[in-house]
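What follows is a pair of complexes built around chain A, which joins chain B in one and chain C in the other.
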Partner chain A sequence: MAWYNKIGNDFDTVISSRVRFARNISGYPFASKLSGEGAKEIISKVSDVYLGEGFTKIDFSDITNTEAASYVEKRYVSREFAIKKTPHALLMNETTGSAIMICEEDHIRLQSILPGLALNEAYKIACQYDDLLDRALEISYDEKLGYLTHCPTNLGTGMRASVMMFLPALTMADRIGVLASQLSKIGLTIRGMYGEGSETKGCLYQISNQVTLGMTEEETLKKLSDVISQINEQERKLRSSIRGENLERLRDRILRSEGILRYAHMMSSEELAEHFANIRLGIALGITANISYAMLGNILIETLPATLTLSLEENPRGEAERDRARAEYIRKALC
Partner chain B sequence: MLCEKCKKNNASVFYEENINGKGRSYALCQTCAEELKKSGELPSENLFESFGFSSPITQLHDSLFGSLFSLGEQSMHLNAPKSCSACGSTLRDLQKNGKAGCGECYKTFSSELEPTIRSIHGNARHTGRVPEAYREKHARYNEIKMLRQELKDAISKEDFEKAATLRDKIKELENNK
Partner chain C sequence: MAWYNKIGNDFDTVISSRVRFARNISGYPFASKLSGEGAKEIISKVSDVYLGEGFTKIDFSDITNTEAASYVEKRYVSREFAIKKTPHALLMNETTGSAIMICEEDHIRLQSILPGLALNEAYKIACQYDDLLDRALEISYDEKLGYLTHCPTNLGTGMRASVMMFLPALTMADRIGVLASQLSKIGLTIRGMYGEGSETKGCLYQISNQVTLGMTEEETLKKLSDVISQINEQERKLRSSIRGENLERLRDRILRSEGILRYAHMMSSEELAEHFANIRLGIALGITANISYAMLGNILIETLPATLTLSLEENPRGEAERDRARAEYIRKALC
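Up next is the complex of A and B:
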């Protein structure tokens, strides 16, 4: 089962946790100077390390754009990786929520993603796979600068830890901007999940560390966890402060969203993002009792354009057809 | 939080930055975001909605990150142009890409890169996970550092017998490379 079909700790406010290591192999130049031959060598060397460990290899030169885009939607690979022209491959182990991008910006981007708040668990899994790599290949490293990475912003631990949070109350109260400036002062960043302004309708935000040099992995995770629990507290406090007429309005909005999802015949992903946020909040507040987090999480990912297209027998012609297919998927998933 | 472009309006549009794994976000006001969309610097629709992945957001990134290596520029004019013996990159290449060409580049251009790295991470030395091959060396580095401190203490207390033993120990560790 994939990460988005499972539920986890603090699931009312946290969607998922992810830990990523950037690593490079000694003796090869970084991506911008790497030849096609070099890339192929690296892909085969890294694959050899993991193929006995429950990983499946996906050669990105062999798959369609839609398939590549679906991996982006499921958060297993970056957009840059999906569109790369030079040889690159993905190693996937859905059981442990691990995805290893080979020849992305760095030779190796090893990541582990788990549902809910599970930073330490994700870190442990990533370390376990990092150890395998370390034993098999010589990793580019410097005693002062730590793991050497293509971009100097990742030097040191090469670790990026991030938590995807669901913050509807803080969004409604217009507190995200303030939060963003507070976080940047302590070396953390927050960004809207899919980037676009309209996507903040989904109230999904990713919070991650910015500094990678001079701080151990554990210290970084601790700092991030502490901040997450503070944000959790703020979000929950705001949610429980909604009372009286405001609560009635909110209840109306949430149940209207449920009605629309159950009966609509056309649904854009933008519109879905809004209903997703309403219903997810509804579940947390006990208003939408017939829909579970798992159902909703599954709908969110499975109806993203590329992933949805892959599930259809025939490629949808244009957006309208896709919107119809999306609505149909949702109706079926909810009955 | 103010918009990063006009620095006047409040930012309401936040752009993710997982593009190159560099942890940064961009905050823009609605007006500036619209403008960048029109000029093609930002995608006009949800990136996840288009399979093309033309990703115009990268351009914005490049322009924002182009300044990453700007601090190295002055020294480049003073020195004869040098290049990395492993990958052939010059400092100009590094500036242009905002990235190193290979692991050796960090040694070759260590003095030129130092201010840049300091501006990103502060004046720091790596701590945390260490590859197995370096673990012994790392432990030895820490032990020598500790013994040197002990030696200093012993000398200040005029415990010359202890100081002599410590000196031998340090020498042994240092020779044991």
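Up next is the complex of A and C:
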């Protein structure tokens, strides 16, 4: 069962928690300088470490662009990884929410993703897989700089911890900008759903550590957790302060979103993101009765363009046909 | 059962047919010059004619403004009648769809309204009640000018025959303007739902004869019927010509309207008119499966501001509260 079909702690405000490590194997140049042969060697060596551990391997040379794009949509790989021309592969273990990109920017990008607020749990899982790596292969490490990575922004722990938050009340109150500048002062960053540069849709924001050097992993996780709990409090306080006519109007907006999702014949991803936000807030406020977080989370991911296309018998001809297929998926999923 | 809860012939394009006669009693000045006493005498005389015929009498001096406004919304009386300060009364017979305004502009305004295309039937009913009047009272009549009426535009037959049409395809194709100028050339007129000057909402148009002098009642009805059947043909042809992507987009619009009506928490009359038009077209095209013409017709009338207010236990405080009551009425009516 995929991470986006499960629910977790603090699910009213937190979608998922993710920890990823960047690692490189000694004796090979970084991935950008690696020959095809070298890349294949690394893929083979890393696969050997994990294939006995419940992971399956997806060789990205063997899959279509749509399949690759679907892995991006499901947040198992980066956009850059999906479109790479040189050999690269993915190891996946859905049971533990873990995915390992081999030969992305670094030789190894190991991530664990869990539903809800579960940073420490995700960290534990990632560490466990990192230990396997350490035991089997020689990892590039410097006493002073820590893990050596392709990009200097990952030096040190090589760890990026991130939490995907759902912040409709802060968004409505126009407070994300202020939050972003506060976070940047303490070495954290907030971005739209699919990483840097992507638009903020559906009130989903990824909050992560910017700094990897001069700080332990535990310190980083502690700082992030503290901030998340403060943001949680702000968001919940704002939600519960909605009263009177404002609440009636919000209730109307939420219920209309439900009506539209249950009846529309065509639905774009952009429009869905809005309804997603309305209904997810509706569940949190007890306004939407017959839709669960799990149903909604599944719909959001499964109807993203590439993932939706893969689920169809025939490739949709054009956007209008895909929008109809999306609406149909949604109507059935909400039945 | 009220006219708007029944269905009729050609109901895909025709909502209702109405025939009304303007009559005045000899020996009294027109209503505008009538004393309070004179008005009461006329009310009494006309009531005597009809009270044995299944009519009930509503004395407009005894009812609230909201009750009076509700009769306007249900199309039993004119706006002018509802707000008159001098004595005036309404006789109603819902079984035959008949209503008689006493002391409107003319002493007597007798109308019969039937669902769907039923001009001849409505005419027959109106004639039958007109005969009762003729037998009991002396009606102002001139050999040359016909029935004498307050306004010269009613001289002659004193008859206004009108058909309420539902013309979404002609509206979408922006052809109502052309139609209006064609109709005016042959002595017919097309107007928005509640008579002259009112806005065109929900694609509902009232088509009626302009001319009452120099033409028999039968000639008028024949001309109107012929035109209605031509408009019917145009509207249906246009509807059936909607295909491909346009049809998909229309289907989406129709189904969204259904979703919104079934889920919205607040609904204004203006917004309802749009959804009404979408869904009514949806029924005609076989797109909307679970809503009937009768349900929709009932909703349109019963949720008009004054009528809705009367149905509530407490007067709504402000428009927002009325919009919520309207949405609630709609949701229940569609269950």
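Keep this in mind: the second predicted complex is superposed on the first by the 328 of 335 C-alpha atoms of A that agree within 3 Å, B and C clash if a C-alpha of one lies under 4 Å from a C-alpha of the other, contacts with A are read in each partner's own complex, and residues count from 1 in each chain.
As a convention for this text, contacts are C-beta pairs under 8 Å (C-beta built on N, C-alpha and C of every residue); 3 or more make two chains touch, one makes a residue touch a chain.
All values derive from a computational prediction rather than experimental measurement.
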item	value
Touched partner set for A:Ser98, first chain B, second chain C, both or neither	neither
Greater chain A contact set [chain C / chain B]	B
Chain B versus chain C as contact partner of A:Ser17, first or second or both or neither	neither
Which superposed partner A:Thr303 touches (first chain B, second chain C, both, neither)	neither
Which superposed partner A:Thr171 touches (first chain B, second chain C, both, neither)	neither
Touched partner set for A:Arg324, first chain B, second chain C, both or neither	second
Common interface positions of chain A, toward chain B and toward chain C	none
Touching residues (chain side chain B, partner chain A) in the complex	1, 10-25, 27, 30, 33, 43, 45-49, 51-53, 55, 57-58, 68, 86-89, 97-103, 106-107, 113, 116-117, 120-134, 137-138, 141
Contacting residues of chain A [partner chain B, same complex]	20, 22, 24, 26, 28-30, 32-33, 65-66, 69, 72-73, 78-80, 82-83, 104-106, 109, 127, 130, 134-135, 138-157, 159-160, 176-178, 180-181, 189-200, 206, 208-218, 269-270, 304-306, 319
Complex contact set, residues of chain C against chain A	245, 248-249, 251-252, 255-256, 258-266, 320, 324, 327
